[in-house]
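Each of the next two complexes has chain A plus one other chain: chain B in the first, chain C in the second.
Up next is the complex of A and B:
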């Protein structure tokens, strides 16, 4: 398959995102303020309570800061385009083009993501003024990166599926935000999933959301030890395959019933 | 003007009765939004039962106070948030040529308002009041409604300042989003966890602390109040709300004088 057009789609999306410079600066500014809040929050909590044995204060701050940097990349909904194209009816012409439309959405989303990925470096530097982050050993960092890439895939398909709802009903905005908020909590972005008590803890670890933030982050801070890396990453891969298969089923059903809105 | 406003709400209410399915969807939406925030707090505080001396039920009351004020703002004043859209699309200009106060016209733009948030906010506050063992006496009955209103005015002031920015910079979506999410983040915890400079900002510059922190310390009879103020300052929220809104309205008037339109 010729990948050249998809590289072009990604480049286009990258430069489109890069035009909003003030937004980009504000994003970094708001991230720094939120890093400040998380430092204040966890410092206060650890000062007055018994710390969990596997997550001392420095690990918790590392966890929360890296979660925030990851969200710069993972909160970009690259497949928003599907919803817009369905509403405007241009999805019909896209389906006629000699390209794989899902792959087009992926490359467009990936291009947007790349720009936001560049923000990670200045954001990290600003965050380091406020907090100290543990540096993981190279092997751990490599495992973290691998888990992060798989988590990115799971997140992509989750967004893809949510946006595909627009093929059936045009009111998807509320449903999408609801899933986004629930996923923020259950994926371990807001708080580590290890804090969930008893049966709740077992449930959240069994859900697909855990593959997005929790697995890479727990690998990074050492809660998932090296001998369990393979099992955790395998679980992520299972979710990835499952979501990909589901997405391709939904996509096939959806493209069979394109409703043009007379855009 | 009051008659026009009453009529506006009568029409809103009638529209609401027409779209009952939507009403249910927005309820779920609001429950999940606040449920996620409170859920994260509950899980965290099972491991860490004390946040600078505040227990979860007290944090719940703190959140509920903010929620009630914030949702009252979203119900009564949400159209202010749309001002940047009106400006960008050129629809703002018609408010300027009509012989009524511009802000009043903005506040009465016909739209579909669902008071789901307000209903839930008040219900949550009632539950939190019981859960936190707050004594319901005449001071509570008189001041809590005023504090909710004051909180809504503080929020309106913020929305008005952001809306006014759109007279200079056309795209303010990001500012709006950042301000809204930071407001929720900063008001979720007692301001005593922050450093002194930030406490001063939250108390006197962007007075979010008056939406919930100061009133909550008063009603929960907390002995330690950030910035060593008398706990009774918590009752000043309505006055702070009016003053802050007054300042924001002044800025809005300055902005209106500079407003040139986008030519669209």
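Up next is the complex of A and C:
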């Protein structure tokens, strides 16, 4: 397959995102602020003896800060283009081209992601002025990166599926909001999933959301020890394959019922 | 039903009506043909184009474009076709025009030599040199339309669909676009389906028209034939000095009476205009007369209103 168009899509998305300079700077500012607030919050909570035994305060702050940096990349929803294009009817012109339209959305999203990934470094530097985070050993860091990349894939397909709802309802905002809330909570972005008690904890670890934030983060802070890395990453991969298969089915059904608005 | 209450009711119980958008619209094109595809709003023109491009799957029937089934072989079909929507741009809004072209070059995998040649030619014919580097959102409609034409033809498609390509353009821009379409058809041998409400486009460019209404085919054939069939009828417009009740002229039908103006339709083979004029001035006090020759626009208007009275569609196709 010729990858050139997709590389071009990613490049164009990157330069398009880069034109919103003020927004980019605001994003770093808001991130640093949130890191500071979280540090204050967790420090206060730990001082009240609310601390979980397996996660000391410095690990908790590391977890929260890295989760924030990850969200810089993971909250870029490249596939919202699907929703917009269906509403405006412009998806018709994409479908008339000799390209894989889902892959187009992926590369566009990836281009946007790359720009936001560049923000991670300055954001990290700013955050380091305010908080101290643990530095993981190289092997752990490598495992974290691998888990993060797989989580990125799971997140992409989740967003893709959500936005594909627009093929049927044309309006997906409510559904997206619900999934966003559920996923923020159950993915481990806001609080580590180890804090969920008993049976609830077992359930949230079994859900696909855990593959997005929780697995890479728990690897980084050492809650998932090296001998369990393989099993955790395998579970992520399982979700990735499952979601990819589901997306492919949904896309096939969706593209057979394109209702192009107007005209 | 009053607005708010009606909105509330439709929130709780929405009704869907199944509607047949196109039914038994069968026609075939020869390579290199330029056909006007016309019909009133909602006739099913866009639905047909969507099926031909592969983005809409017909519930029954068969569509083949250069031997391919568009919705089954969407990507392969995409390479063969170029599509231009007058009302919808396929250019990338935030990018300079030329970057949209470069992106399309990558999408279609156009060899760089062909790309160069096509681009140079289009920039020259369509006079795009001055705004090639301007972001698309800053272009005027006429400039954007020229950009869209170049964008749709950069990969030298064999088949081109034009959906109202001159809509909203001024007369000069319209003429430039028409000339360009004629040239693409003549020099590159592209097969073109032209959908438009501006029948001047059709008259200028096409020899054959396919006419549909309510999703069914009502005429498929030469413009000349439909013109000679309907062109027998001329219209004499008479303005009387005062309103006349039921004006009548022998050998002509009253088509319309509006106050002191009456329109008489007559067959040019059976009646002479000068005799009608003399008749009118003998019977009534006449202020002015004029004669209307049938043009395609008035013919099509009559067909929309009265239906096609000529041959049935079986022998038309």
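What we mean here is this: the second predicted complex is superposed on the first by the 261 of 263 C-alpha atoms of A that agree within 3 Å, B and C clash if a C-alpha of one lies under 4 Å from a C-alpha of the other, contacts with A are read in each partner's own complex, and residues count from 1 in each chain.
Following the convention adopted for this analysis, contacts are C-beta pairs under 8 Å (C-beta built on N, C-alpha and C of every residue); 3 or more make two chains touch, one makes a residue touch a chain.
This is a predicted model, so every value here is computed, not measured.
Ranked by how many residues of chain A each touches, chain B and chain C are led by B. Shared-chain residue A:227: touches no atom of chain B or chain C. Legend: residue contacts after superposition of the two complexes on their common chain; A:256 is shown touching chain C, with no touch to chain B. Judged by the touch definition given at the top, the superposed model places A:177 against chain B, while chain C stays out of reach.
When both complexes are overlaid on chain A, the residue A:34 reaches chain B alone and has no touch with chain C. By the document's definition of touching, of the two partners only chain C reaches A:19; chain B does not.
The touching residues of chain A, when paired with chain B in their complex, are 20, 22-23, 26-27, 29-30, 33-34, 36-37, 40-41, 43-46, 48-49, 52, 171, 174, 177-178, 181-182, 184-185, 190-191, 195-197, 200.
The touching residues of chain C, when paired with chain A in their complex, are 46, 50, 53-57, 71, 74-76, 78-79, 81, 83, 85, 87-88, 90, 92, 94-95, 99, 102-103, 106-109, 163. Chain A makes touch with chain C in their complex at residues 2, 4-5, 7-9, 12, 16, 19, 89-90, 92-93, 95-100, 255-258, 260, 263. Taken together, the chain B residues at the contact with chain A in this complex read 25-26, 28-29, 32-33, 36, 39-40, 43-44, 46-53, 169, 171, 173-175, 178, 181-182, 185-186, 189, 193-195, 198.
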